[in-house]
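In what follows, chain A forms one complex with chain B and a second complex with chain C.
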Partner chain A sequence: MIRNEYTVFAPSGSEQKMIEFVKEKLSAKFEKIRVDALGNLICSSGDGGLCIECGMDTCGIMMVEIDKHKSRFAGAGGINAEYLIDKKIEFKDGNFGFARYDGDDASKSKICDLYLEGDSEPLKIGDFGVVASEFSEDSNKIYGNSIGNRVGLSVVSQALEACGKIENLTVIFSAQKRTKARGIQAFFAANEFDRVITIDGAECSGAIKTGKGSFLVVADKIGTAPKEFVDEISKKADKNGVRLEKAVVGQDFCIGTIATLGKGTACVAIAVPVNNKNKTIESIEKSDIDECVKLLKILID
Partner chain B sequence: MLKKLTEAFGVSGFENEVRDIIYEEIKDFCDSVKIDSIGNLCAYKSAKGGQKNPKKILLSAHMDEVGFIVTDITEDGYLKFASVGGIEAKLMLSQRVRINDIKGVIALKAVHLSTAEEREKLVKEDQLYIDIGAKDKKSAEKLVRKGDYAVFDSDYVEFGDYIKAKALDDRVGCAAAIEVLKKDWDVDLYCNFTAQEELGLRGVRPATRGINPDFALVLEGTVCNDLFGVPKHLRVTKSGDGPAISILDSASKADEGLVKLLEESANKHNVPYQYKAETAGGNDAGAICITDGGIKTASVSVPCKYIHSPVSVMNKRDYENYKELICAFLEDMGGEKND
Partner chain C sequence: MYTQNLLKELTSEIGISGYEYDFSRTVKKILDKYCEKTIIEKSGNVKGFLTPFDKTKKTVLLEAHLDRIGLVVSEVLDNGFLKFRTMGGVDERILPASEVYVLGREVCFGVIGEIPPHIKGNSDSLNQAPKISDMLIDTGLSTEEVKKKISVGVPILLRSQFLELEDGKISSAALDNRAGMTAIFECLELIKGKTAPVNVCVAFTIGEEMGLLGARTLDFELEPDLAVIVDVTHGKTHDSKSLGTFELGTGPIICRGPNLHYEKTNKIIDLAQKTEIPFDVEVAPDNTGTNAWALQTMEMGIPCALVSIPLRYMHTTVETVCTDDIKNTARLLSEIVSGGDKIA
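Right, the complex of A and B next:
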């Protein structure tokens, strides 16, 4: 089941399959579930001031030229050409092709140099595709492509499943997070909360290392979390024996974006360390995911 | 109308002349027309079919164009400038410009005087200046002040199936919206003519807030790279293949349901269309789609070659089909809203 959280087809802006998947899994837990105009899935119970956010989408490609021999595509979200070369690309209805490059130096390739090898008949301009999911697990780790983009959703979903009936909480599974966090921008500009927790995968570098549980992001590229909120979460983690370290990171976890939208809110990010992020196969320690799920359950309860 | 609009002065932040033209054209056809503090012109026209609960549609077209702002006047009467919006320096060379009613040229020394090395290098904006024929600083200051805006001085010309003009991006959208407002529709129609799109979608934000439409349709003139030597897959749009429906660009992802409705209208009314096949670039849809909790938004554009230059070129049939598609869509949106 966890595999699905990482492999459901959901390129940025076309998250319908993930919406159906999450709805089916969690609808019984909430009083209200709706999808807004941007495609965010919003689950809420009561009128509590806490909101939890995680992204649903992954980066992908968009077809721009359909040709019997060499169909062409452009990038959708932060995806680079070299990563795509020789990967299997999957489309919504099960169609697929392989990204190919005929040049000599892949390190200098651009997405517009690549083409899709495969049956072009069912495809049309504007169709979205993603690199075919690969997912494996052993007793310690999960492995797969783009799992860092989905680990937030997996953690939130597991924590909610572990909780009883949800009271006084809003959860937004945001759309288009990998394309300028548009779902977040739309939602938080129009909805006010006292506090927001955003969950995402974090590239292992500097202070962020695997095997240490999850990380409370005190400051990211453009935002700083309020100290009172950070302290409150840290105390709860300590009290319940959950491993949680603080980190200042150079990545953007949307703390600044969320905090300054609408009338402003207190926002922190919780990060799950991801090894080899943005490489062909990423990996995440199961124990880190488990610690993050435990922490989130405590915060929700 | 398109001639009048494209020849008008409307650099981002100083859209007055364009706004005045639009206001005069639409004021007698709308229930209300307001100008807000940033310079947007916001029109509203109620449904005329007696619907109790008509759909609410927002059309949005930007009035502004790329241009220049005078940053300094030299001792010998030349104007130093900065570009307003995205213009490549190489396109500025030897162009006629207009600063209000003052004519000028963007100049560089004659080829006879340049070195071989200089001829090999691409010119940079800070090497250029505007010559308005002033003999010195004092004379120039009588005509122009620092902070004045300039635009390309370029005529509207029809040639064969094509039209050449400056600012087709986005006076085509404005012209189409004016024609739309002169007709009656069975939808509540909001139409924003926005300011400062070229400076980062500034006008559209305040113009859109509070309308809460069922759908928003951005009317644009967009990139057409249908040029000699460009591979098919890099042409973005093709001149003569009809209006372009955007799917994804750097600013927004079009609402899939709205794109489908546009396709259905085009097919039903036999209007040719194409998709904008590139993810680069962006327009007011980027701001509209995230306003007020999210608005279902799409863009329809006329493919325009050489945009952000004095000689943008579009196909006349594309423009006619563009207007037909917008009208077909609005016609099909009539009737009661199903909440």
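Right, the complex of A and C next:
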């Protein structure tokens, strides 16, 4: 089941399959479930002073030119050319092809230099594709491509499943998080909350290391979390014996974006450490995921 | 002739980004012919509502930006010379030898000169396009007169001609986006007197060329179920890349990408096929660079579709479009608003 959370077809801008997957899994937990105009899936019960956000998309490609021999594509949601070379690209209806590069130096390749080898007949301009998912697990870790983009969704859905009927919470599974957080921008501009927690995978660097539980991001590239909110979460984690460390990261975790939309909201981010982020195969320690699920369950309850 | 005449009328108007107000009033007057209610917002955005709002119907917004690129005086120098900056993404390579109207207290003519190669000296600089910071407008006025007539912040219009080329092609400045505006007006002409199954509202917005400013501040009195943004895209030329450029005469170009609503865009493509309106599809995997980028995340998120008219030589004084593309875009828009719930 967890495997599905990491492998459902949901490139940035075409998240319908993930919406159906999450809806089926969580619809019994909430009073209301809806999809907004941008494609965000919003699950809510009660007034919802607290909101939890996680992205449901992953990076992908879009076909821009269909040709019998060399169909061309562009990146969707920030994907680099070198990563794509020789990867199997899958499309919504089960069609596939292989991303190829004829140049000598892959490190200098651009997405516009790549082409798709495979049967172009069923493809249309504008079709979305993703790198074929690879997912493995052993007793300690899960491994896969782009799992860092999905770990937030996985943690949130596991925490919600572990809770009873949800009484006073809004959860947004945001669309197009990998395309400049478009879903977040639309949703939080029009909806007010007292507090927002955003969850995502974080590259292991500096203080962020695997095996230490999850990390409470107190400041990211463009925003700072309010001290009271940070202290409140830290205390709850301490009290319940959940491993949680604080971190300041150089990446954009959407703290500033969410905090400054609408009339302003207190926002913190929770990060799950991801090894080899943006490499062919990323890995995440299961114990870190478990700690994060425990933390969220406490915060939701 | 409606298309040509309206296009000629609209391209002859100024409406440089940041200086749209007079043009907004002209646009309102044209829109008054089709709408039950029209409004000019404080920003200069012009809005029109075809009929009184019917709660039982969905709402479709047709949107095009009304501003055009131009220049602005940044410094008034002695002997009638002016330094200037761009308002919007003017293609700087076309500026030397351009003729301009400086829109000060009085309209003054000017030319953007360049030192002749005979006396320029350094051979390296001859192979480089001049930078805008090195260019000057020569008004021919005396020091005293230029300071009396022109001040810093005065807009400058690049002079251009409205040329009817062969095969229905038109060349002029400001076809970005007066072509899009014309398509919307032509759509209103097509549906005039008919009852649309949706509430139709129209918005002509300011400041697109300066960062989608008008779209960002547009006040949605009626929350649209679909916003169709009408703009221009790159037309194919003999020497252009094949990817991302489109033959004139094959439009409208319907865009697909995460900036646009997936299902509604597909419905529009199906509609174009069903009604035998010629079209092509372009792909924008990120920001479309149009007002769809701003509108998509406004209110509770507005489902957007982008329909573009192919245009050659974008952001120059010889932008070129094919009138058939404008007419077919208007036909597609009229089919969208006539399609009611099926599309919106």
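Assorted remarks:
Note that in this section the second predicted complex is superposed on the first by the 301 of 301 C-alpha atoms of A that agree within 3 Å, B and C clash if a C-alpha of one lies under 4 Å from a C-alpha of the other, contacts with A are read in each partner's own complex, and residues count from 1 in each chain.
Keep this in mind: a residue touches a chain if its C-beta (ideal position, glycine included) is under 8 Å from a C-beta of that chain, and two chains touch if they have at least 3 such contacts.
Keep in mind that this is a model prediction, so the values were computed, not measured.
Bringing the complexes onto one copy of chain A puts chain B in a clash with chain C.
Look at A:182: by the touch rule set out above, it reaches both chain B and chain C. Touch criterion not met for A:100: it reaches neither chain B nor chain C. In the superposed model, A:38 lies in contact with both chain B and chain C. In the superposed pair of complexes, A:112 makes contact with chain B and with chain C alike.
In the superposed model, A:72 lies in contact with both chain B and chain C. Contact with both chain B and chain C is seen for A:12 once the two complexes are overlaid on the shared chain. In the superposition on chain A, the residues of chain A touched by chain B in one structure and by chain C in the other are 12-14, 36-38, 40, 62, 64-65, 72, 74-76, 112, 125-126, 176, 179-180, 182-183, 185-187, 189-191.
Within the complex, the chain B residues that touch chain A are 232-234, 247-248, 251-253, 255-256, 259, 274-275, 277-280, 289-296. Of all residues in chain A, only 12-14, 36-38, 40, 62, 64-65, 67, 72, 74-76, 112, 125-126, 128, 176, 179-180, 182-183, 185-187, 189-191 touch chain B in the complex they form. Of all residues in chain A, only 12-14, 16, 36-40, 61-65, 72, 74-77, 112, 124-126, 176, 179-180, 182-183, 185-187, 189-191 touch chain C in the complex they form. Partner chain A is touched in their complex by these residues of chain C: 242-244, 256-259, 261-262, 281-283, 285-287, 296-303.
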